[in-house]
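What follows is a set of structures to go through.
The same chain A turns up in both complexes below, where it pairs with chain B and then with chain C.
Entry: the complex of A and B
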């Protein structure tokens, strides 16, 4: 069988079929179209301006590793004028995060970018290993998600950057749209499809891979021989997301455009005003200064529960009332250092639902 | 065919190697002619068993039966790889090579990469 030729350059052997378009293309044309599409996403959404400092949320996994490589490539090729940093959060999970951080440290050398690692232990005084030892394996993902979001913002503030980019890809976003629909969480639909989100006093966050298929990210990493780490978090299994993911992969196998079609559907939802009204107005946490929809932010609430030996109190109303009945917050518990981030840019949308990278 | 066996180089990536003794690279030998039903038990001598040249569908069954150490459902589903696993034949996307019907040749390098592990 004669090798199929690339439909773009018509000279080299086709090496992959693009899931988005069905085109059969060669390795070099693939690099070019993949990078150019990310560039177009960045330009069309006006994500950056010259002189911006940008932190790449780096987990050592495939998406953030490819993102770091592509951001560096595009910044040089198109002269974005960005100062790029790697920002990693160390959740304190032995046998998982310590290994993936080694990958990030190698990326720091390979891509010649400054790296900041902020640990839960440093910020909250608790590692995930210690949290799991107290709360068990049922609600640990809630703690991890809340703590990670705030840690990323605080790490970015320490680096003095304007912007965090994360490796969330088209598959992740389609998956989150499905999950929000299945949960009836229509208010979050619009926000989870937004390419860029910004809370009142948090740092701008965006997803340059919003339209990049996971298959292409993995192929890109494979063809470029990029160094990434791939193991599931040992505490993870988010069963609900797992089902959404398996369902999406089945859909994609039958019709590859399904992923982009779901994103377009999510974008097309117009959320009615009364649905939006049920979302809380954003304010600032009294204790730590982080953005919050209540007097006490979620991280401070969870941390107080851990410190007072009642982890449940951060999770359910009933347990919180019980803890309050035991008396006021003791003076000597550990709290999160006060967050001093001066508001920058225009206050836009509030935070989208967290998509674990 | 000069030989009755095919030597293949198999690579696992993206976390899939965890199911295969945590080893990324394997050199294996499989029969050039196999049972059409993809059963990996050895070919009987009688002539009434239908056969075919070894293809990737057969290889997937062979890997499940002879190399995989745990959780086969994370590797194989409905006689093919689980959705979300990429397959490359000599560095080319198997979707360009006929997927499971690709007839294996001696010395082929087949790569399986999971896309399902965290980013």
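Entry: the complex of A and C
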């Protein structure tokens, strides 16, 4: 049988079946469509303007390694005019993060980008290992997720950048849409399909890989021989999310477009106005100054629970009431340093006055 | 994300397991009798169960019986037309039929706190339609007469109306529901993702072989399941119009609704999330005499478990649920297994899904109706698809650099046909377009160009203004009428 030709260029031999479309294409066409789709995502959402400083949330894993490589490639190819940084969070997970940070340090050399590492230990006084020792393996991802989000923002403020890009891929987003529907989290459902989010005074965050399939990211890293750390986090996700993830894999196996179809669904609907009106307004945390929908932000709530030996109090209403009944917050517990984002100008003004490129 | 693949993980903790029921085993309603059933953590006795379920049924349905809400408050319940009930013989529709009969057609059994003080039935006539799917599902062969038996066991209160799935391809049926005549044998071409309608030399095939050819050309198991579902729904809507029904009721339970919501979202149907629960559909008559049908699912607050008990305690005959299942290759079957399995450990999941989706709406409204499913079509779908997944270098935008490994100019390959969305693709909803174009690794690879199309699609391609460029043309000017959809017929 004659070798099958790539359906895109119709000249080279087809080397792979593209996970997203099922098309049989050649390797060069794969690189090209993968990169161009990310470029389309960036352009369509007007993510950057020339001169922006952008931190890439880098973990050493496949998503962020490929993201760093593709951001560098597109920045040069399409002359975005971005100044790129690597920003890593050290959660303090022995045998996992310490090794993956070595990969990030090599990436810093390979991609020639400045690197900043910020640890949970220096910010919160707790490593993930210490947290898991107290809370066990249930809910550990809750702590990790809340703490990482705030740590990234604080790291970005230290770097003086105005934008963080993260390696969230299409699979992550589709899974999050399903999760938010199943657990009735309307506030997050409204936000999770946005490519770019920005709080009142926090740093812009966006997801250039919003439409990139996890399988294609792996494939890209493999064919480009990128240096990444392939071990999964040793602390596995909670059972409920595990079910959602397995379901999504089944859907993808039945029809590969399912991942993109779920994201399309998520973009097609929005929360009804009358429901939005009942949602909490954004404020800043009394204790640490980070954006929050309550007087205390989620990270401070979780941290207080850890410090007072009642990790549950950050997770359920009932445990929280119980802790409150035990008395006011003691003076001597560790808290998160106050968040002083050096304002790059009046946030209201910086939107109105845009210096032409 | 990269580190633990776990974005927004902070809310995982909200989904904790709860005990099956709270506090005591006594009925929460009468507080005296021992409970027989646990519904969402609350215990009920058998005597309190019946009024609870009929109240939920009425609370869901009755605000939508009168054409507008304020009419309802002043005058009691009065619909503007007849009632059509879609009856499959499965659990939900069996309970629905029973509830309609007990609530509106046997007035002595009505309860206190009645929202319909005048009593009686809000609809002049109640028609029960069953769609025989035996030409694609061999399991249901011979069941039609058992189903007729169930309907007729209620006496003369219901008028029974049998339909067949292949009616969707039958001009005789189309005429019988008042559909405008069409004369041009037309087939669907899915070789190209834009999709085209083209003339066929003849359409002398029988409706059932047309149906089977249609089903066989759907590229995935998922598409077959949702294709059948869409045919059933549209058949019922046109039947409702032809029986002068103002309302079409379906026996979708809370459990089935949650399953169909997740399944629809997983197939790209997010834009019609409202319609999954309830919809207003009208037949868009050429002469401006639109007839509107309100499709309501009055059991959408009642779970499968409650339906089972209602049927059991009322000694109802459930013929069984015979729906198409493509197993592990079928998204709706996968979703059903997933939700039913999850409900065992996390009983609040099913109601959480329905509640969440009830808080959602679509971002923009539209006037375009999908050719196949007759639901609203969002604009810009094809452009979105081309940007998100590049399937051809013809679709590249003007500012995109051409592939570096190819010596081309201007970002287009040797085949420089301009990007152009065919009129079929642009008149399909995202979900239907995906149904026809999305393939699975194992799926049906054969692309076809002479697929029979349902009568409403054929009729609209003949008659509808937006498909014939808004100009009045001679009915028999065949070539002109559909030239926009035609590829070179010789191809």
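As a working rule, the second predicted complex is superposed on the first by the 334 of 357 C-alpha atoms of A that agree within 3 Å, B and C clash if a C-alpha of one lies under 4 Å from a C-alpha of the other, contacts with A are read in each partner's own complex, and residues count from 1 in each chain.
Quick note on the criterion: contacts are C-beta pairs under 8 Å (C-beta built on N, C-alpha and C of every residue); 3 or more make two chains touch, one makes a residue touch a chain.
In this text, all values refer to a predicted model and were calculated from it rather than measured experimentally.
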Any idea whether chain B or chain C touches more of chain A? C
What is the contact status of A:167 with respect to chain B (first) and chain C (second): first, second, both, or neither? both
Thinking of the overlay built on chain A, is A:40 touched by chain B (first), by chain C (second), by both, or by neither? second
Give one of first, second, both or neither to describe whether A:57 is in contact with chain B, with chain C, with both, or with none. second
Of the two partner chains, chain B (first) and chain C (second), which one does A:219 touch, if any: first, second, both, or neither? first
Of the two partner chains, chain B (first) and chain C (second), which one does A:258 touch, if any: first, second, both, or neither? second
Would you sort A:144 into first (chain B), second (chain C), both or neither based on which partner it touches? second
Per the contact definition in the header, classify A:230: touching chain B only (first), chain C only (second), both, or neither. first
Once the structures are superposed on A, label A:13 by its partner contacts, choosing first (chain B), second (chain C), both or neither. first
Between chain B (first) and chain C (second), which, if any, makes contact with A:29: first, second, both or neither? second
Across the two complexes, find the residues of chain A that touch chain B and also touch chain C. 17, 59, 61-64, 167-168, 172, 232-233, 245, 250, 253
Touching residues of chain C toward chain A in the complex: what are they? 1-16, 220-222, 261-262, 264-271, 273, 326, 328-331, 334-335, 338, 342, 346, 349, 352-353, 355-357, 359-363, 378, 384, 387-393, 396-397, 399-401, 403-406, 413-414, 430-431, 434, 438-441, 443
The answer for chain A against chain B in the complex is residues 4, 13-17, 24, 59, 61-64, 167-169, 171-172, 214-215, 217-219, 222-223, 230-233, 236, 245-246, 249-250, 252-253, 356-357
Residues of chain B defined as touching chain A within the complex: 13-15, 18, 82-84, 86, 88, 91-93, 95-96, 111, 113-119
For the chain A and chain C complex, residues of the former touching the latter: 8-12, 17, 20-23, 28-29, 32-33, 36-37, 39-41, 43-44, 57-65, 77-78, 89, 91, 97, 100, 139, 141-142, 144-146, 148-149, 166-168, 172-173, 176-186, 188-189, 192, 211, 232-233, 235, 237-238, 240-241, 243, 245, 247, 250-251, 253-258, 260-262, 264-272, 275, 298, 315-316
